[in-house]
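So, here come the structures, one by one.
There are two complexes below, and they share chain A, which is joined by chain B in the first and by chain C in the second.
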Partner chain A sequence: MQTIEETLRTFIAENIIFSSDGFPYTDETSFLENGIVDSTTVLELVLFIEQQFSISIKDSEVIPENFDSISCLAKFIKSKA
Partner chain B sequence: MTRYPAWRNLSSPKLNLPAPDYLAEIMNTADYLLNSANDDALAIITKDVQVSYGVFKRICSWLFNELKNQKLEPGDRVAVWGFNSPYWAAAYLAIMKIGAVAVPISTLLPADDIKRNMVFAGCKFLFADRFLYAKHQGQLGEFPHFILDNQLLNVGDCGWDTPDGEFDIDNNAALMFTSGTTSSPRAVRITHRNIQANTQSIVKYLELNSDERMMVILPFFYCYGASLLHTHLRAGATLVISNSFAYPETVLNLMEKTNCTGFAGVPSTFQTLLRNSTFPTRTLPHLRKVQQAGGKLHDSLLRELVNSHPNAQVYVMYGQTEATARLSYLPPELINSKFGSVGKGIPGVTLSIVREEDGECVCAGEIGEIIARGDNISPGYFGDLEATQEKFSHGILYTGDMATVDEDGFIYIVDRKSDFIKSYGHRVSSYEIESCVLQIPYVVAAAAVGVPDENAGEMIKVFVILRDKSTNKVDDVMDYCHSHLARYMWPQEIVITKSFPMNAHGKVIKSELRKIGMH
Partner chain C sequence: MFENISLFMQLIYTSIAEKELQHLIRERVYFKRVVVPVTLDLTSLNGQQNPFQNTDYQFVELNSEDLQANTRTFSTRSRYLKALRSINNGLRGFVLLKDGKVISDIWCVAPQGADTPIRHPDLDMLGITCDSGDAYAEFIYIDPAYRGKKLAVPIFLSLLLTLKREGWRRIYAYYYEDNISSKWMHWMLKFEELPKLSLSRFFFFKKTQKFISAKPSIERNHS
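Then we have the complex of A and B:
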């Protein structure tokens, strides 16, 4: 079974950065600083996480502290589980 | 291209015109923008620094001096490439001050296109953001440049003397690349007169003063973002900068923290704020002016925006890069009585709606093209006579936007000329279909296009983004259209999608959607 981090890496690679070589960054890479996300793709990410991990995310929780890297996201998802 | 006969005999192109009477004296745009500021007041706030006008002027003078050392000739082009920052703004002003032409370069372009745009504009020097330059240096190759970063906060005053030679207010001040979807670059020539006229007009109708604190999320390389810079510097006010809208909550937190009085966005900004953020439920007690331009905000979202913060005035505005930025605005007190209108021409701008057939002004309710005259209208495109002749004629801008007027002269945009769908002999407004679909609560965004069809001429396809990922809503959306739209406007197909192709300024690229729709 895939870890949370692996699931996120695969989703971002295939649906957000359209990379055929997987997720080419580290888990600590900032999405913002590297132009990986914008306001539309962040929403895609929110929807994916809500459905994939069966959690509900409030608008106020969509902040860089929770969302700006694979590590941040994984930690956030674990805290909601 | 032959233009409308009725307009052929209008006055000749504006050359060697005197300064407009609302400009007290002819001056360089850099001086014009800085001369009302108090040195102790804050010019720019970012998440990291607060820069007073005094410090900002020192940075301007340092970069001005740097350009002097480069021995540039008047009219030489200088690129400025970076995220919004005090340093970007100072470089932009320094370029104008020395008599060169500022060429803002989008931060969203890949390295090849950056290079292409700089070559296209014939740039001789580059001011570049440290982060971006480091990232793309390998692909850009060697180019004379100066790095913009926070070391500039500590520079001393290097003087701000006007260069020798007579200043001509009709010289180019900037070349602004348009958000158009053409594959080849297109840059609009913006003169000192254009900027000063548009700035003066906007400051007047928005009643901007030095107390304003404007939250800026729009890039300065985009005409709307540049106009926020121009107008708030001119007013001696403060710009609060956030370089990403990926996390709207961060922007809203910064607005709260810095007591922002103003916010400006394009339709996609407000769509995100209203549907996917805490904006509607926040109090934002200092917010008093909300500016909406850059495309038409659909009716349902505009109503939500107006109702979300009753103490803030909502200014619906309309403009184009070819008009420096702004052409019209709707006074906020008329937002309900003239709902959906983009208002009338701003001070100094004359707008008319003319028939395509004969160039005569339309009657109330009739559809025609918006044409504009005023000191903010660009003289044309850089190095592109054909495109210039297509869009400009005798100082008149042919906007390509189709609109109607009511009995009181208020303008209502119907669609882009190129976005009308010609289906079964009808001219169908894509906007009307989108407005209808957007009334469905679970629809986040909609875009209607016409794709070639043997029987219909063009078949109506509507691309829809849903709030959740369910894909079984196609029939529901279609049913809604059938019960709310005239028969000839019914879509032939509803396509559920996750995102739209968007340009750098947040507008849906319909030409791309049409291509997708054909497959």
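Then we have the complex of A and C:
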């Protein structure tokens, strides 16, 4: 079974950065600083997380502290579970 | 007044044609929506290149001669009318061109930069006072056919770099907290948040106020 981090890495690699070599960054790499997730794809990411992990995300929870890296996201998802 | 009604009718027509009427109404009728004013020190932009250099896109300023001579091809009549009205109101508009067609327009104003200071209603709404080196970014529109192509941040960055080159020091803008795309775009550009507001709107009538966050994240006087 995939960990939360692995699930996120796979989704971002395949659907957001379209990488054939997996997620080519560390789990701490900033999405904002590196333009990994942009203003459109952040919506896809929110939708995926809600569906994949059966959680509801409020607009006010979409903040850099929760969404700026794989590590931040995994921590946020675990806190909502 | 007639100009506003004409523009509004064109907006309704365009929204129906683009199946975005629901979106149009949602943008004009709401109650206690959270607004986040933001600001950016333009002098902090260092090392960024023109994002559209060596691409098929051109980022250029609009002027009233272009509009009157109809030398710019807008995707809809409502965009053209909005551009005309904005230029007449003293705003500066920049467009992104692809194959000679306008696929995006972005607007700003320097309230203290004109011969006669411009009083922009958004600034009153947001409680922002622009100093002589400050500008305000009003709006960005991207043709639906070009959305999702990662253009919003480069377009906004092109505006910021243009203003910086001209000597402007600071820019203000705002986004709605529930507009995640817009919020993310401002973060990517490193805007800082100012105290949030609550805004209610019924078409042309807006009622602001009530500071949601009491403490500003940065000082407002940047002169």
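As a convention for this text, the second predicted complex is superposed on the first by the 81 of 81 C-alpha atoms of A that agree within 3 Å, B and C clash if a C-alpha of one lies under 4 Å from a C-alpha of the other, contacts with A are read in each partner's own complex, and residues count from 1 in each chain.
In this text, a residue touches a chain if its C-beta (ideal position, glycine included) is under 8 Å from a C-beta of that chain, and two chains touch if they have at least 3 such contacts.
Predicted model only: the values in this text are computed from it and were never measured.
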Quiz prompt | Partner chain(s) touched by A:Phe23 [first = chain B, second = chain C, both, neither] | solution = neither
Exercise. Applying the touch criterion given at the start, work out whether A:Asp38 contacts chain B, chain C, both or neither, answering first, second, both or neither.
Key: both
Quiz item: So, does A:Phe76 touch the first partner chain B, the second partner chain C, both, or neither?
Solution: neither
Quiz item: A:Asp59 contacts which: chain B (first), chain C (second), both, neither?
Solution: both
Quiz prompt | Interface residues of chain A shared between complexes with chain B and chain C | solution = 32, 37-40, 42-43, 46, 59-60, 62, 64
Self-check item: Of chain A, residues touching chain B in the complex
Solution: 15, 31-33, 37-44, 46-47, 51, 59-60, 62-64, 67-68
Quiz item: Within the complex, which stretch of chain B touches chain A?
Solution: 131, 244-250, 268, 272, 276-278, 468-469, 498-499, 502
Quiz prompt | Residue ranges of chain C touching chain A (in the complex, touch as defined) | solution = 147-148, 150, 152-153, 177-178, 180-185, 187-188
Quiz item: Across the complex, what residues on chain A touch chain C?
Solution: 32, 35, 37-40, 42-43, 46, 59-60, 62, 64
